[in-house]
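Sharing a structure below in structure tokens format, with a few things to ask.
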Amino acid sequence: MTASLVVHGLAFAYPDGHQALYGVDLTVARGERVAVLGPNGAGKTTLVLHLNGILGGGRGTVAVAGLPVTKEHVREIRRRVGIVFQDPDDQLFMPTVREDVAFGPANLGLRGPELADRVHEALVQVGMAEYADRPPHHLSYGQRRRVAVATVLAMRPEILVLDEPSSNLDPASRRELADILLGLPITILMVTHDLPYALQLCPRSVILDDGVIVADGSTYDLLCDDATMTAHRLELPFGFDPRSAMSVAPAASPSFP
Amino acid sequence: MHVPDGFIDAPLSVVGGVIATVGVGVCLRGARRELDEKTAPLAGLVAAFVFALQMLNFPVALGTSGHLLGGTLAAVLVGPYTGALCVTVVLTVQALFFADGGTTALGINITTMAIVTTVVGYGIVVLLRALLPARPASVVPAAFVGALISVPASALAFVGFYALGGTTGLSLGGVLVAMVGVHVLVGIGEAVITALTVGSVVTVRPDLVYATRSYEQPLEIRHTEQAA
Amino acid sequence: MSAGHHHHLYLDRASLIHRLPPQCKIAAVVLFVTAVVTTPRGSWWPYAVYVLALGAVAAAGRVPAPTILRRMIIETPFVLFAVILPFASPGPKTDVLGLTLSATGLESAGILLAKGTLGVVASILLAATTQPRDLLLGLQRLHMPQLLVQIMTFMFRYIEVVLGEMNRMRVARESRGFDARHVGHLKVVAQSAGALFIRCYERGERVHLAMLSRGYTGRLPVFADARSSTGQWAMAALLPLVAVATTVAAWATL
């Protein structure tokens, strides 16, 4: 079976000359959930924007389910890879929740009842169906984040990429989002600074620092590896111990699928 | 300088419409080279910016006021073809939606304020950049001069339309002196704003300035020993 | 879009005119104004017909007269211009209220004001009954080139960001005792313009990336089926038909 995502030797500089990626290698198997950890400015968002061809033109290759990310495949790639941006306000721009969720599938050519079903299904998945006719900017932050996830789920992606999904969520919304993600049978790549969240959701983690992958392994092992953690400015929240956390949350066992 | 409905007679409004249609057609072909999926929002921002600039009326003399045109700024930021399209979009929205400038005078307004300004302004920028040292910052003085001259040039084009199809019976000499006089002053304001805007964008985001595009540098690859 | 759909020009009403497809309304406005502009010099009665016709549209669209009058302020520059005409134009003079005025100048001023004002009011009615988003759809259906539609889409999205930021900067300046009438204000505006540009761009850039990620190709998806029926076209055609008939009659009776 081809891997869901293969990134090979990816290097990239922004137009102002600032180089952000220095040769990233990453392979993600189908159905795997992987956390991308790393300090601010490490290049995580830059990497994410390469996964569906928003950024490109540097060195190296990205392939999604065997299909290389190039200009001629960009439509298909964007159907396969759904990206939830860090700030839901960047993601939501239509007048109502319904139209916003419909935006992606409509771009894929869906119309009429088929489109309406897609929208409804995605909103039900995130528990926001009764908000369909509200304007997104009248929702709370956590609700907007959920709608942002729905806008991407409505496109039925093969890979879901989330850029810091738990930031600014209250504990209940954070847990609800985790429940949604755990229920999805698709490949998930999650950029996060929230290490307990990574441990809960992703059996595997990679650390990106200064534009390269510096560590790749089981999330549990990485979080317990103090030397690697401090070397890359990663810190567990006060009072959080992965060892005791795993004993109460056996759902995400630190093993590879 | 937005020409209202009924200011220029019908035949000449049609002439203006034809010139504008041909001009916009040329720009649409040319803009395909300048625009890609990532520069489209930049063009929209430039249009919004020009829209805002055109709302800045400032007093010139004797109770008359002038407003900025933004053609040179648009051309320098997104390229001449796209720049002309940006101003065209602004004028269309103003005419249809904001009642600023006549719907039937749209052709004339596009010709004088979108096409003449970008052609003259960007033409001067290209000329001056050939004379100035070859570095991104050179675009700033070039844009200053381009903007300075583009505004009275646009006023002159307006007077040309007026000479051929004006409906108000004012003496041509008087209109010429008043329009060009006022717009020489407006041109100074336009030049200052254009140069300062281009200057600060060139410093912070040179990649957003079309007139300075050209960046290629080798990428460095780092190899790491992966832990864990 | 996020900025565009709450436009202050739009009056949220349920009316016949609001429900007309945007492409019909745009075409009607353009034809109406064209008819008005071609009214021959020397006949005045057609303007009464035009005013009545626009009045009927305003009533059907439930746009109150005070709103229209308030928005007509946009005409001020050319009203001022029209006021100079009777003084500055050559030709025979007449006496009006003790002032010596040019007769042709007076006539020109009257025509200019009448035609210009009718054009302005037609646009005001269009804007009051059509959302910017629908204006875009209308222009798209009238086959405005895709590139222009795209630039306009982004322009609507950025306008309020830009104006909002400009306003914030103005408030900040004035609260520090800065006098905007002073010529020096240009300099201050200009100095902040570059920063404003970059700030606005970076805000919009991220939204655009999110749109691209969801398969946006520059064409707005059309959800509601807003195709226009023959009946709607017929209704929208009423206004320009009245105007064209009036102009033709005016030329015929000249």
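Letters A, B and C mark the chains as written, and numbering starts fresh at 1 in each.
Heads up, the rule we're going with is that a contact is a pair of C-beta atoms (placed from the backbone, for glycine too) under 8 Å apart; a residue touches a chain by one contact, two chains touch by 3 or more.
On a predicted model such as this, the values are computed, not experimentally measured, just so you know.
Taken as a graph of touching chains, this assembly is complete, with every chain in contact with every other.
Most remote chain with respect to chain B, judged by CA-atom centres, is A. Mean C-alpha position of chain B lies 20 Å from that of chain C. Put simply, the C-alpha centre of chain A and that of chain C have 44 angstrom between them. Separation between the centroids of chain A and chain B, computed from CA atoms only, is 41 Å. Multi-chain contact residues of chain B (touching two or more other chains): 205. Of all residues in chain C, those that touch two or more other chains are 157, 207, 212, 217.
Interface of chain A with chain B (complex): residues 9, 11-17, 19, 22-23, 58-59, 210-217, 221-222, 225, 228.
Looking at the complex, you find that chain A touches chain C at residues 49, 52, 54, 75, 78-79, 81-83, 85, 87, 90-95, 99, 102-104, 106-108, 115, 137, 151-152, 155.
Against chain A, the residues of chain C that register as touching in their complex are 1-2, 5, 133, 157, 206-207, 209-217, 221-223. Residues 205-207, 215, 217, 219-224, 226-228 of chain B are the ones touching chain A in the complex. Residues of chain C that touch chain B in their complex: 9, 26, 29-30, 33-34, 36-38, 41, 71-72, 74-75, 77-78, 80, 85, 88-91, 102, 104-105, 108-109, 111-112, 114-116, 118-124, 126-127, 132, 135, 145, 147-148, 150-159, 161-163, 166, 181, 183, 186-187, 189-191, 193-195, 197-198, 200-201, 204-205, 207-208, 212, 217-218.
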